[in-house]
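Notes follow the structure.
For clarity, chains are labelled A, B and C in written order, and residue numbers in each chain start from 1.
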Amino acid sequence: MPDLFVATAASSNVTSLSPEDRRLHLRMLEAILFAATQPLTEAELASKMPEGIEIKPLLQELQTAYASRGVNLRPSGDAWAFRTAPDLGFLLEEHRQEEKKLSRPALETLAIIAYHQPVTRAEIEEVRGVSTSKGTLDVLLETGWVRPRGRRRSPGRPLTFGTTREFLDHFGLSEIGDLPGLAELKAAGLLSATIPPGFEGQPPFGVDAAEEDLLERETS
Amino acid sequence: MPDLFVATAASSNVTSLSPEDRRLHLRMLEAILFAATQPLTEAELASKMPEGIEIKPLLQELQTAYASRGVNLRPSGDAWAFRTAPDLGFLLEEHRQEEKKLSRPALETLAIIAYHQPVTRAEIEEVRGVSTSKGTLDVLLETGWVRPRGRRRSPGRPLTFGTTREFLDHFGLSEIGDLPGLAELKAAGLLSATIPPGFEGQPPFGVDAAEEDLLERETS
Amino acid sequence: MNGKRDFFEEELAPRPGDEDILLIDIDGFEGPLDLLLALARHQKVDLTKISVLALAEQYLTFIDKARSLHLQVAADYLVMAAWLAYLKSRLLLPDPEPLEEPSGEELAARLAFRLTRLQAMREAAEKLTERERLGHDVFARGMPEGVALGQATAWQAGLYDLLAAYAARRARHFASTIQMKKRTVIPLAEARERLMRLIGPSSSWAPIDHFLSEYLVRPELRATARASALSASLELVREGELELMQAASFAPLYVRRKPKEDARA
């Protein structure tokens, strides 16, 4: 049975406080340091804690308690912050990934692919009313939410696109039919325009899939 | 000398592992969860850990270890995240986010979706006795707390709505079953579309027709 | 805890009190059920034991009062009033024999159920707001290093963004369709020009519809064509260009060019 946290009461100069108070102070420090958006100096920490508390011994106690954990409490200069234990940095390495927002055109293109799949590039452009830059589709392919599905049985045999399992997972849908239709978008307040007659049942979720030759099954 | 962390080896089914291995796994999980920008599902966590590790008992062990700390490990649905302890919120007011205020109808609609899910728009309107105005459902969708869940197997195949993992995380619920008063409301037949027998006159106790098909799982 | 309810626009609790309930206007309510619930809560009993008969009477009194004060009462309130009046009669007059439809008691129980259920959801909503909420009472790590799963870039996009993008794009598409509808209005100038051209120099009487036949075959143009033609013809009469004649109300309207004074001589 491993000792998860080794609590050492290294500092004996805090004995005047009741164990409950000390415990509360430690919890407070923990929460403050955890939520902080930058390392905090002892003075800053003191200003957030009840008055007359000696911060240093508490910090040292926390530092010791976390020394053997996956996350350590570390001073840098005179400021303190929780940091991943150095030996576990490998877990984060590939993680220094940037978070990117999808551009508006990409989002729109993704939506059209989702609603109208299998859909060709020309059809996407028809709905969007503008030509789709190469980069937009590339970005969508990179997200893993869009994949080439097959080729339309029409002149030129254009490539068709559709969404992936990851798309459904990311957007919390169990199937593509769960996307709200136009009338439902309107009912939900997302679509303010009047839906012209004949469009109520739209979108039809794709041209007849039979008009398409599937590519070799992708992974997933 | 206060016990900083109470390490309970509640799960004895991990005894086959050496204490060192288990300790390493706990540290790894800790590091990953601390570093994460959002709750991670058990599947996501497993993908970051060495193969063949049972994640759940480790998570539960960490949860217990942190239960009395200033930072807690909380599940929301099948995803886990470290969060500051609720009783210490007063220390962290500076981090409070400006949030869009929910109107009374939106909040009521949110509650109906949470307690009745999966629920159609028509059913929400039946409970509220008014049609859902614009800016109610779309605002809720925008918060990310509500999502389309599927389609009811009834004429018109209406879209159903339910809550998301972000909803659980935001309101500090580990699962939908933790909604305040859910069991009582269900037992009283108040989450049902049909009136429980003997409703008028006496308090509705011991009603068993309460389990109506409103809460039936949708196809997924 | 302080500010716990910050994220609502208004408190849930305040509802009109007993004494003023008959004085306030109906706009404070979100529909008949909301109003009924407010009235029911004034009976101050368990909603499951509420007197639906008394409730129906209160509601009807309320609506009568509002109407006597010349307040606008929306249609759905009146529909509910009619239904409650019916329910009242069903409750007062015992059913002579079992009918196909539900009995008065069953209808009353159903109403009591709906009120209880709505009340339960209101309370549930309130309980939700009392919880310790993320970003308000409970906080995430302030400096997460970030964990990526598999991919080099974490793409951010929510379902709402996706749906909103799609709706906006389709709406733009529809907007152009709607603009075509605008052309279904016949402007006054066009009607005037047309009348003058078609009537020509002829000074014999002809039904005004005769000059509009091209428009009148299209149902969507009928009203606008008639309206514009009538306005234009009145204008032309005032200017001394045309004469109008009608035998009786709603009879066909005849029009001709006003004969020139000198032509009579």
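Basically, contacts are C-beta pairs under 8 Å (C-beta built on N, C-alpha and C of every residue); 3 or more make two chains touch, one makes a residue touch a chain.
All figures in this text were calculated on a predicted structure; none of them were measured in a lab.
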(Q) Thinking of each chain as a vertex joined to the chains it touches, would you call that graph a line, ring, star, complete, or other? (A) complete
Q) Which chain has its C-alpha centroid at the greatest distance from the C-alpha centroid of chain A? A) C
Q.
Using CA atoms only, can you tell me which chain is the most central one in this structure?
A. B
Q.
Distance between chain B and chain C based on Cα centroids, please, to the nearest Å.
A. 36
Q: Return the distance between the CA-based centres of chain A and chain C, expressed in whole Å.
A: 40
Q) If you average the CA atoms of chain A and of chain B, how far apart do the two points sit, in angstrom? A) 18
Q: Could you list which residues of chain A touch at least two other chains?
A: 31, 34-35, 37, 82, 84, 91-92, 95, 99, 172-173, 179-180, 190, 192
Q: Could you list the positions in chain C whose residues touch two or more of the other chains?
A: 139-142, 145-147, 158-159, 163-164
Q. Mind pulling up the chain C residues that touch chain B in the complex?
A. 1-2, 6-10, 12, 30-34, 46, 48-49, 52, 76, 105, 108-110, 112-114, 116-118, 120-125, 127-129, 131-142, 144-147, 149-150, 158-160, 163-164
Q. Which chain A residues qualify as touching chain C in the complex?
A. 31, 34-38, 81-82, 84, 91-92, 94-102, 104, 107-108, 110-112, 114-115, 127-129, 142-145, 170-173, 179-180, 182, 185-186, 190-196, 199
**Q.** chain B to chain A touching residues, read off their complex
**A.** 1-5, 7, 9, 19, 22-23, 26-32, 34-35, 37, 48, 61, 65, 68-71, 82, 84-85, 88, 91-92, 95, 121, 132-139, 141, 147-151, 159, 164-165, 218-220
Q) Across the complex, what residues on chain C touch chain A? A) 139-143, 145-148, 151-159, 161-175, 177-178
